[in-house]
Amino acid sequence: MTLWLSFVAAGVLASLAGALWRVWRGPRRADRMMGAQLVGTGGVAVLMLLAPLGSWAALDVALVLALLAALAAVGFVKATSPDGAGDPEEEEETPRRKADG
Amino acid sequence: MTALTLYALTGAALIGLGLYGLIAARHLLRRIVAFNLLGSGLFLYLGAAGARGDGPDPVPQALIITGIVVALSASALAVGLLVAGARLSGRATLPEEAE
Amino acid sequence: MTFVLDAVLCALILGVAAATIAGHGVFRAIVFFIVYGLLVAVGWVRLGAVDVALAEAAIGAGLTGVLFLAAYGRLGREGAGGDAPAPAHLPAAMAGLGVTCALGWAWSALPLPDRPGPQLAEALPMSGVENPVTAVLLNFRAWDTLLESVVLLAALTGLWMLTRDAAWGGRIGLPQHVRPDGVMAGFGRVLPPLGLLVGVYLVYIGADRPGGAFQGGTVLAAVGLVAALAGAVRPPRIGATRWRAALVAGPLVFLLAGLAGAALGAGFLTLPPQIAGAALFAIEVALAASIAVTLAFLVLGPPEETITR
Amino acid sequence: MNALVVLLTLPLGGALAAVAFPAGVARGAALAAAAGTVAAALAVASEVAAGAPPRIALGGWPPPLGIALAADGLSAALLVTTAAVMAAVLLAARHTMAAGLAGPRIAFGFWPLALMLWAALNAVFVSRDLFNLYVGIELLSLAAVGLVAIGGKPEALAAAMRYMLFALAGSLLYLAGVALIYAAHGALDIDLLASRRPSGTDALALALMTAGLTAKTALFPFHVWLPPAHAGAPAPASAMLSALVPKASFVILLRLWTEALPDEASPAALTLIGALGVAAVVWGSLGALAQSRVKLIVAYSTVAQIGYLFAVFPLLPLAQAAWSGVIFLALSHALAKAAMFLAVGQWMAAAGGDRLEELRGLAQAMPMSAFAFALAAVTLAGLPPSGGFLGKYMVMTAAFTAGQWVWALPMALGGLLAAAYLYRPLAALFAREGASVAAPSRARQAVPLALAGGGIALGLASAEPLALLANGQPPIQAVVR
Amino acid sequence: MADVATVVLTGIGLFFFLAGTAGLMRFPDTFSRLHALTKADNLGLGFIALGVAFQAATWREVALLALIWALALLAAGTVSQLVARAALGEEETR
C-alpha cells in the first residue's frame, strides 16, 4: 500500500508541473492564479495520500492548506481590483482612492 | 543518496537562489520575496540536519517555527516601507537604482 | 518509490523557486511564491516535522502570500505596479553559487552530534505538555518565544509609524468595499465560522499533538483577514484601546507567568511541574489571541483613509 | 528579585505598557521603566564587580536543553553604558517626542520602539545562546528600522528600506552559521561550544555568522546603509542607532571569535577583518570630510569608529590589552556619539537645519551643548584624557607587544582624520558671529554635556571599568602561526 | 478489500488530476480552462479523500477528510466565480 500511495502522490505532484507551466505562461493574471489554485488542491491531495504513510497529523496540514488557499484567492481578487480593495462583482465605477498625496 | 540529502541540497540551492535574488533584483517586492526564499531554504537545511539520526529532533523544529514568524514580521515591515516609499516617490525601487 | 516522491517534490520546489526569482512580472513572482509555500509545506510533512508544516502552510503559503498580493495591489494604486528589470548580476550569482556549494559540501562533512534528546526525554514529563515541539517553544526555550512575540509587536509598531499623519486614527488597512449580496460577501460570512473552529482546534491540540499558539493564531489571523477583505467586519481604528490590549495580552501573560516563577523563588520563566500544564495552556491561549490580532494587522497594513479632524 | 531578571523584563514591560496605554500614560510608564532599568543595570554591574557575576539557566533547564543568561565584565560595562545613553536619550525625548511637538503618531510609536530596542540590547549583552542572540538582534533591527522611518520623509523611508535589506540579509547569513553549528554540535550555548569537539564545518559557520554580523554592524564594505539611516532619523533616535545598535552585533562577533570558537580564528581571517576595519576608518573619515551637514558628518564618523573596533581583531589572540582596549573604544564611542547627536538635535530645533553655515556662532547661544560636542570630539579623536585615548593607547601597546605595529597605524591615522572632519563643525559653532536663536533650557543642554563628560571620565577614572572588564575576560589563545 | 478500494479510488483521483492539468494546458481560453479545472480537481480530490478514508483507523480521520473536501469545494466554487469575474475585466496581457 505504501508503494501505491507514494506512486499516486508522486503522480499528482508530477501532474502539478503542468499547472506550473500555466502559472508561468499566463497570459492573464487569472490564468496564473488558476494554476496556483490547482497546485493548492494538488497539495491537499498529496497530504491526504501521505496521511496513511506516516502520520495522520498530515490531515491537519491539509485542512490548514485548504483554508489558507481560500484566503490567498480572496487576496488575489482584491489585488487585481483597480484600487486594491474592491470586488469584481461591483457594478458601479469602483470608488477611486480617497487618499491624497 | 538518501531523501534527507535531497532535502538538504534543495535547501542549499534555495539559499543560493534567494541570495542571488536579494542582491540582484531591483524591484523591492522581488527582493523581499527572495529574502523569504533564502530563509525558507535555510530552514529546510536545518530541518533536514535535525531529521538525521534516530527520529526528528524537536529543537530545530521549534527554532524554525520561531524563524518563520520572525521572517513574516520582517517581511510585513519591509512591505510597509516599500508601499510608503512608493507613495512618495512613485517607484518600487531604491532611489539610487531607479532606471 | 518514496524516494521518487521526494525527488519529484524537491525538483518542483527548486523549479518554482527559480521561476520566482527569474522572469518578468512581479505578479507572476508572487504567484510562484505562494505555490512554493504550498510545496514546502508538503516537504515538511515528508521530513516528519508536522508542526513546521502547519506553520509553513499557514504563514509561508497563506499570510505571506496575501501580504505580497496586498502589496502588489497597493503598488498598483500608487502607480508603481510595473516590474523593474534587473540585469544579470555576476557577483550576486557567484555569491549565491558559492554559498550553495559551501553548504552542499558542509552537508557531507557534518558530524552527527549528541543532541539534547536524552535531556529532553527526561524533562518532557515535567514540561506540562506532551508535544515536544510545544515544550521547547513554550517551556525549554520560552525566552526565545517571549522575545519573538515582542518582535511581532515591534514590526507592527514600526509599520504603524509609516502611516501618513493625515490618516492616523483611521481604520487599519485599505478601505474595503464589496457588493453586499455578491459571492465575495457571502464567502466572508461562511468561511470565518469554519476557520474559527479550525484555529481554536489547532491551539487546543497543540499541547499533545502538532499545533499550537503560532499555527492556531495564524489561522485565526487568516479568518480575520477573510472577514475584513470580504467586508464582513470593519477593521478597528488604529488607536482603539480594546485592540491594543489584545496586542499586548500574549506577551504580557507570558511575561507575568515568567515573573511569577521568579517571585515564587523558582526562577524566571520556571514553571513548577504541578501547574506547568495549566500555565502553558493559559499562555498559549493569550499568545494565540495576540498573534492572531498582530498578524492580521500586519497584513492589513497601516490606515489609508484620510481623517478630517 | 534578581537584578538580571529586572534588567531584561522591565523594558519589555514598559514597552507593552507604552503600546497599551494612551500617549500621556505611555510616556510616564516608559520613563518609570527606564529609571528602574538603569537601577537594575547598576545592580548587575555591582554584582559583577563584587566577583559574583549573575548567571541563570532559564526555566531551570540547563543548556543544551535551555538557554543560559550570564553577565560578565563585558556585559556589565555595556549594560551600564547603554543605561546611561538610554537615560539621556529618553530625558531628551521627553520634551521633543511629546504629542504636542511631534504629533500623535510619533508620540505613540517612539516610546515602545525605544524600550524594545533597549530590551533587545540588554538581552543580547547577557545571552549565552546563539539562537537567542538571533532573536535578540532581530528585535533590535526591527525596532531600529522603525525608529529610522519614524520621521516619515522620503529620504528617511529610503534609508530605512536600505537598512532593512542589509539587516535581513545579515540576520539570515548569521542564522545560516547558527544552523550549521547546531547541526554539527547539537548545542547553541557559547560555553558548551567552547569545549566542543571541533568539526570541519566550524570555519564555514564562523565565516557565515561573521559576514552576517558585519553587515549588521555596517563594517566596510557593508556600510552604505548607515550614514543616511542614522542621519535621517530624529536626533534621539539617531543617538540610539549610532551609539548603541552597532555594539550589539559587535559584541556577538567578539564573543564568537574569543569565547565560542577561538580555535577557528585563523590569522588570515583575522587579518582580513582587520584590513576591512582599516578601510572603514579611512573611508568613513573621508566621507565625513566630504559632508556639509553635521548630522551626516557625525554619521560617517560612526563608519570610521566602527572600523577601529574591527582593526583590533588581528591583535585579539596576541595580547591581553587589545581586548580591553577595543571595549574602551566601543564604550567611549557610545557616550560621545550619543552626546553629539543629542547636541545636534538641539541645534537643529533652534536653527532649523544642520548645514554647517546654519550653525555658525551657535556656541554663543548654546554654550553647554556646543561644549558637549567639543568634549565628544576630543573622545572621538582619541585625545587625552578621554576614554577614546585610553582605548587607543591600550590597542597600540598591544600592537607593539605583539610585534604587529601595523595595526597601531590606523589608530593614529584615524585620530588625525577625526580631528580634521570634526574641526569644521567646531569652527562653525564657535565662529564669532552672533546668531539669535531660541536656545533650550540649560537643564536640557546639560544632558548631552553629561554624556560627553562620561566619555572623558572613562579615561580619567579608568581603574574601576578596567577592573570590571577583567571579570570573565577570555584568555588569549596560544598563538598558532 | 479496503486496500483494493483505496487503490481503485485513488487511481481514479489521480486520473482526474492528470485530466485537469491537461485541460489547464490545452484549452484555448481562460474561461474554458476555468471550467475544466474546477470540475477535475474537485472530483480528483474527492476520489482521493474517499480512497484514503478506507485506510483510516478512526471515524475522526474520516470526518476530517470529509471536512477538508467540503472546504476545498466551497473555496473552489467561490474562487472560480470571483476569478472569472476578475478575468472579465482584464485584457489579454500580463
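Here the chain labels run A, B, C, D and E in written order, and each chain numbers its own residues starting at 1.
Heads up, the rule we're going with is that contacts are C-beta pairs under 8 Å (C-beta built on N, C-alpha and C of every residue); 3 or more make two chains touch, one makes a residue touch a chain.
Labels paired with UniProt names: A = Multiple resistance and pH regulation protein F; B = Na+/H+ antiporter subunit C; E = Na+/H+ antiporter subunit G.
Only a predicted model underlies this, so the values are computations on that prediction, with no experimental measurement involved.
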item: Set of chains adjacent to chain C and to chain E; value: A
item: Longest centre-to-centre distance from chain C, chain (CA-based); value: D
item: Rounded Å distance between chain B and chain D, as computed from the means of their C-alpha atoms; value: 27
item: Chain A-chain B separation of Cα centroids, rounded to whole Å; value: 20
item: Gap in Å, rounded to a whole number, between the CA centres of chain E and chain B; value: 30
item: Approximate Å spacing (C-alpha centroids) for the pair chain B, chain C; value: 13
item: Numbers and ranges of chain B residues touching at least 2 other chains; value: 15, 19, 23, 45, 49-50, 57, 59, 63, 66, 70, 73-74, 77, 81-82, 84, 87
item: Per-residue overlap in chain D, given as positions that touch at least 2 other chains; value: 131, 135, 138, 142, 145-146, 149, 157, 176, 183, 186
item: Multi-partner residues of chain C (at least 2 other chains); value: 2, 27-28, 44, 46, 48, 63, 70, 72, 74, 99, 103, 110, 115-116, 120, 141, 144, 148, 151, 154-155, 158-159, 162, 164, 183-184, 187, 191, 194
item: Touching residues on chain A, where the partner in the complex is chain E; value: 1, 4-5, 8, 11-12, 15-19, 21-22, 26-31, 33-35, 37-38, 41-42, 44-45, 48-49, 51-52, 56, 59-60, 62-63, 66-67, 69-70, 73-74, 76-77, 80-81, 88-89
item: Parts of chain A lying in touch with chain C, wherever the complex brings them together; value: 2-3, 6-7, 9-10, 13-14, 16-17, 20, 23-24, 26, 29, 32-33, 35-36, 39-40, 43, 46-47, 50, 53-55, 57-58, 60-61, 63-65, 67-72, 74-81, 83-87, 89-91, 94-95, 97-101
item: Chain A-facing residues of chain E, complex; value: 3, 6-7, 10-11, 13-14, 17-18, 20-22, 24-25, 30, 33-34, 37, 41-42, 44-45, 48-49, 52, 55-57, 61, 64-65, 67-68, 71-72, 74-76, 78-79, 82-90, 92-94
item: Footprint of chain C on chain E - complex, ascending; value: 71, 74-75, 78, 81-82, 85, 94
item: Residues of chain C defined as touching chain A within the complex; value: 1-2, 4-5, 8-9, 12, 15-16, 19, 23, 27-28, 31-32, 34-35, 38-39, 41-42, 44-46, 48, 50, 53-54, 57-58, 61-63, 65-66, 69-70, 72-74, 76-77, 164, 166-167, 174-179, 182-185, 187, 191, 194-195, 198, 202, 205, 209-211, 215, 219, 222, 225-226, 229-231, 304-306
